[in-house]
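First subunit A sits with subunit B, and in the next complex the same chain sits with subunit C.
Then we have the complex of A and B:
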């Protein structure tokens, strides 16, 4: 109720004030038009009396002020024209001081003063000095601020600056500076006094009103920056110390924050760089609640931009020791502001780090120093729980990653892991992911085992269970994403030198082996393939170079691989392990290491026998074994026989007959390898094919009994195709008549009542016959071969 | 003109971290009508990525795939062509053309797309064409040494298919093409 009344009343008073001004303005204009100085003074004084009100808020007072201001402009033009009013400027200056009330008197005096300076009948400095002192008579904050603002406005273009027409004799720039500084000081005092004017409960309202007036005060600093004669020396010796003195002494939070920011914005960066110590020295002396992190961030941002504008500035930064000054200042501020929350302190260091990375990117020692300072702040406190502070720490740690192309540079900062240790487990993992993402993006290899060691220490939250978190608590999708990231990371760990590469692999293994059953299925395969790639690189080499010990040999690596794949037994992941053993077997084959290859096959078979029970999984597994074995050329007769015997045995023991049939005819390829010294045992091939034929037959009969129909003849057609394969390869055991027999058999089966056929098997048979026809028509040796076969 | 992307054996993240950047920038969504994948992605992320390239995605199971429910073989008809897909670890000897021809006859398709060897091949034989798009990431293979990342784009137009193979060699993408024509239209 009271508030709305207040606003309504204010509107009413403002309207009254404006009416008053307009009323007197009417008579003022008449007086001016008739060159009546006495009348003009009388009505202008009355007009200005409206500004004596205490009832308006700053916002409304401003509106009133602007009306008065417009009138005073016209009045000034009248004053200037001595011919019209007949009064000398000196006399006029005297005359206006007879105005009754002090406020109108002073507005008039400033107006006349403006004309006085322009007339050059007195030195500018004298008039200005007189005016700025006289304004002391108005101590009410709002009225005083506007009055002095008026003074600043009218004097702006009349300062005795270098090169200005008002430049007098002697130390004129200092006179200009003195004038502005004094006006500024007085205005600030008035501004601060406003805070204590109202009741305490209206503090917020007061602050808002004060905020509206801040530019009046700040304007003075702007004017100072525009004075041509104010060079670095004058700024450093006269301007800055006085301004800072006022800022510190006023002990007002609002003023201090605004004015510090103002200084930084308004004066050139070059000056800031050269007066850094002085400027920063004021900071710890300010009120503890001043938001220095914003002020200092601004300063550092500007200085960073300044440095970026030209590389020739860098020596200057080094010479003034900008970094250490800023670093010390921040330390002092944190010390002084005891109630500053952690997030504030960290934010300050984030800004400092940003500055350092932009201005001194090559100074890793500086970067490490900033991180070290943060470690100090974080030490002695429990793990961070404040999410804002955590965010800032993540920002702090991410900055070097974004900056340096070679991620490893960031990894060498000794304080980096120490900062990470202070994050809670969840955030630690997030940070680890950020690091991995950075590395993957930059695509630079991490190329020594030392760096890999540091890296894996940093991401240890992903590699194993840290205290307080068990893998059971984790969201499955998140967990998978993390582990896949770690897996991808492994492909970026690389060195051309085999010794170093082996060291890297060992380092990684050391870290991931403790990962536990949930992690190993993700982390083991990429490591295995890394190792296999290394083996391939070493394949060409023959082992020991005379006189030197060469630790990295395929044999050694296979030993390590055995260990690594073994670890999957805790998961358990037999199917994956089987595949990896077979990959290693092929690798050993290519290195001519028969016992090693044999051992890997043994491991694979053991897994097959003991761990893989699912029938579908068995089918795939046995095919992988057969396919791999078929390609082996390192085995002697005995070993090969043992393994093929095992393979065919297991093939025949698969659960479903069709699967048995297919696996067995696949085994036929174990006895026929097409390259030069490959085995070509026609008899055993035929044995396999006949066996699979028997199985197919049995499958048919069983289907007849159990389902009433014998099912499709697909299996027979498949086997026929295999017969054709070996027929063409020249297996002497497979003759045209054998083929003919099979073709006739299939035809009979397809025509019989119990056959269900099926379009698929029909089409298959048709295309097979078509193929035979095609081969017959080829002519030459192939055509001859096929000639006896009748379709 | 129908564009069919054929790729496979990415082995992410077991053997490679990602597709080559140059390939990724070429595989813009909306330009391709069908995607055929021979298998061994291996993760769901890769599946989802391929879906963004084109929603009509056909995948067969590779022996390292996370998802065990992909089919062993798949057939589909695009225009006048019947296509068959199979990873290829099931066909022994691995990479043997004659054995693959048998699979082609069995599936009764004009174009058979298989993988497993990580080696790009495109053969024409009596029953049709066998295409192996190689490994899209250049993943390590025990069968093939020095694998270059590669994939295939088929442009099917009436009775003609142009097979473009894209290979990343020493950081540059090289393209080659092969033409195939069918003699008869697809039977119902």
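Then we have the complex of A and C:
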């Protein structure tokens, strides 16, 4: 209620003020129309008296001021026309000073002063000097600010600037500068003083009101920047020191922040670059609460844009040592502003870093220097808790990644990991992901073990459990994604030199070992494949360097692989380990290392026996074993026999009959390798097939017993297809009559009442028959071979 | 006496004309009845001459015991009404006793008249110069006619004219130093100065410079002092802080000032003061009064700025 009353009252006062102005304006117009100077002065003074009010907020006062301003424009036109009022401008200049009240008197004086300068009857500088001096008489902040703002407004186009009609004969651009500077200084003093004008409880409101008036003060700086004659020299020697002196001395947070920002915005970048030392020198002297990070960020942003605008500017930046000056200044500011939160300091360095990256992309030492400075700030403090600060650190660390396509560049920055150390575990991980993504995006290979070491040190948040973070609350999806990224990353670690590559692998191995059982299933496979890739590369060279001590031999690598895969036992992940063993066995096979291959197979079988209990998993595993074993050609008869025997044995021992059946017919391939010198033991093939037929029969019968209907004939059809395969491959044991028998058997089965032929098996059988038909019709050797089969 | 005037119209018209009346400067003079008339302006040591014509009303004759003209300098105290004190009195006989039938003109001359005091119209005192024409008659009573004129005396610029500079204050509350560029000002002069704020612990609302005139009449226990504020000129709006200096520029021409008069014929004095007044937000007034000497500068050398 109190507040609303306050606002209503203010509206009322404003309305009264406007009415007062309008009332006097009416008589003023009449006086002007009748060329009556005396009356015009009287009513204009009365009109301006409305501006003496203390009741209005700046906002409302401005409204009133604008009304008066319009009337003063009209009055100025009248003053210009000596013929109308018959009073020389010199006399008029005195006459308006007879007004008893200071505020109307000074508004009128400024108005006449403007005409006086225009008339050129007195040097512009004298009039300006007089006006700016006389305006001191208004010490009320709001009224003073508006009055001086009026002075600035009317004098703007009358400054003795270079090329202006008011220049010359002792009126130089320095006079213009001096005038604007003085007006600026006085306005700023008034503005700063405003904060002390009201009761303490209204401080917030006052600050808001002050803020509304800031542009009145800033306008002066704008005017200064618009003066043509203010060249670099004048700016450096006269303008900037004076402005900064005022800013520093006013000791006011709001003003210092706004005006520093103003300087940066209104004056050309070129000037900033050349006066960097002076400008930055003022920063540590400002109040400790001034938001310098924003100010300096703006400055650096502008300078970077400036540097980017033309490559020819770079030498200038180097000449003035822009980087070291900025860097120094930031250090001093942080020192001076003891209460600056860490986020502020980091933000400053982020800005400096982006400046460096844009202006001096080739200077990695600068980048490292910035990071080093951050480390200094962060050190001695616990891990960052402040999320904003963390964000800034992430920004800091991401900047070089974005800038340099080559991640390796970042890896050479010694301070980079030290900064990362200060992040909390969660953020550390996010940062690690950013790094990985950046590497993946740019597809840059990380090619030495040293770099790998550094890289893994950087992303250690992903590689192992960090202190202080419980593994329980990890989101599984996130975890998987992270680990997949790490897995992807491993393929980027590459060197053409096998020796170095092996070192890389060892380094990676060392790191992922620390990762614990949860991570191994993700990290081991890529490492294994990476090692196998290396083995493949070595294959060709093997023997070339005989006699020499070669550190990277396949044998050695396989030893390592063995260890690596073994580590999965702690997880445990037997199925994965089995697959990897088989992969290794194949690799060893290709290297002609029979014992190694045999060993891997042994490992695989051991796992099968001891660890894989699930029947489905067994089925998959046995098929994998069979498939791999089939391709092995390194084994001697004995070893091979042992292994095939094992494989067939396990096949027949699978739990479900259909699985048994399928595994057994798959085993048939172990005896028939369709290579030039592959084993071709037709008899044992037939044995396997017969055995599988038996199992299929047994399965059929079992189904009859348990369900009252025999199962589909699919198994038979599958076996038929195996027969056909070997028949075509020329296995002498597989004859047309055997096939004929099987076909008949299937047909009988299908026609029997108990058979419940699923549509799938029907279709399978039909298309198998169609294939035979097709082969028969094709003719040739194959056609002849098929000829005897009757459908 | 009114009915007598009504019954007996004056027997003749008397008019006074000055010999250089056409070229002589005329100034406004406020009469006792409040009307303003234009009268000639003289200064001391000037010769006052002219003609006095006496014209009987249509066909009547004026019988008289002699005609004279007096130049009187009078001081009139209002509290002592009607009691004129003539500090100057000069007489010229114009005509011997006789009769006048028709318009008759008499030249007169007071040469190099000493008129040390200026015409002054104050609150309690008036100093006037007047030509008094008297036609003495026996029974009918004398016919008297007055003609006012104004005297103003000019001074050269003073050879010594120091500035007024002073530091004043209230302990731990307000300390200021003010400076007026001169201690003696001519009537169209400009007061230039500055006020420095050395210490400000009170919330000042505004600051004015007043011109005050102090007129004292009488002497001893019978002294009457009357003070008028002739000008109130706002110097500053708002509260200054320590270190501020506020300019003063006050043009004196708009105000009706006279020179400072000191002990005029032991009857009265007129003095001028500059009063610097600071008003705080509780409307308390802090002031410091300083006497300044006013003088009248010769018209030609009077500068405007």
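FYI, the second predicted complex is superposed on the first by the 769 of 791 C-alpha atoms of A that agree within 3 Å, B and C clash if a C-alpha of one lies under 4 Å from a C-alpha of the other, contacts with A are read in each partner's own complex, and residues count from 1 in each chain.
The working rule: a residue touches a chain if its C-beta (ideal position, glycine included) is under 8 Å from a C-beta of that chain, and two chains touch if they have at least 3 such contacts.
Model, not experiment: these values are computed from the prediction.
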Here subunit A is shared; do subunit B and subunit C fit on it together or clash? fit
Applying the touch criterion given at the start, work out whether A:193 contacts subunit B, subunit C, both or neither, answering first, second, both or neither. second
Which of the two partners, first being subunit B and second being subunit C, lies in contact with A:98: first, second, both, or neither? second
Return the chain, subunit B or subunit C, that is in touch with more residues of subunit A. B
Let me test your reading of the model: by the given contact rule, A:7 touches which partner, first (subunit B), second (subunit C), both or neither? neither
Contact-wise, after the overlay, does A:763 reach subunit B, subunit C, both or neither (first, second, both, neither)? first
Figure out whether A:52 sits in contact with subunit B (first) or subunit C (second), or with both, or with neither. second
In degrees, to the nearest 10, note the angle that opens at the C-alpha centre of subunit A toward the centres of subunit B and subunit C. 150
In the superposed arrangement, which partner chain does A:144 touch: subunit B (first), subunit C (second), both, or neither? second
Just the number, please: smallest Cα separation between subunit B and subunit C in the overlaid arrangement, in Å. 71
Do subunit B and subunit C land on any of the same subunit A residues, and which? none
Within their complex, subunit B touches subunit A through residues 12-18, 43, 45, 63-64, 89-90, 92-94, 96, 98-99, 101-102, 105-106, 108, 126-127, 140, 142-143, 145
Quick check: in the complex, which residue numbers of subunit C touch subunit A? 206, 231-241, 244-247, 249, 251, 253-254, 304-305
Can you name the residues of subunit A that touch subunit C in the complex? 52, 90-91, 94, 97-98, 100-103, 105, 133-134, 136-141, 143-144, 189, 193
Quick check: in the complex, which residue numbers of subunit A touch subunit B? 440, 480, 484, 487-489, 491-492, 522, 525-526, 529, 532-533, 536, 579, 583, 586-587, 590, 620, 623-624, 626-628, 630-631, 666, 669, 673-674, 714, 717-718, 721-722, 725, 728, 760, 763-764, 767-768, 770-771, 774-775
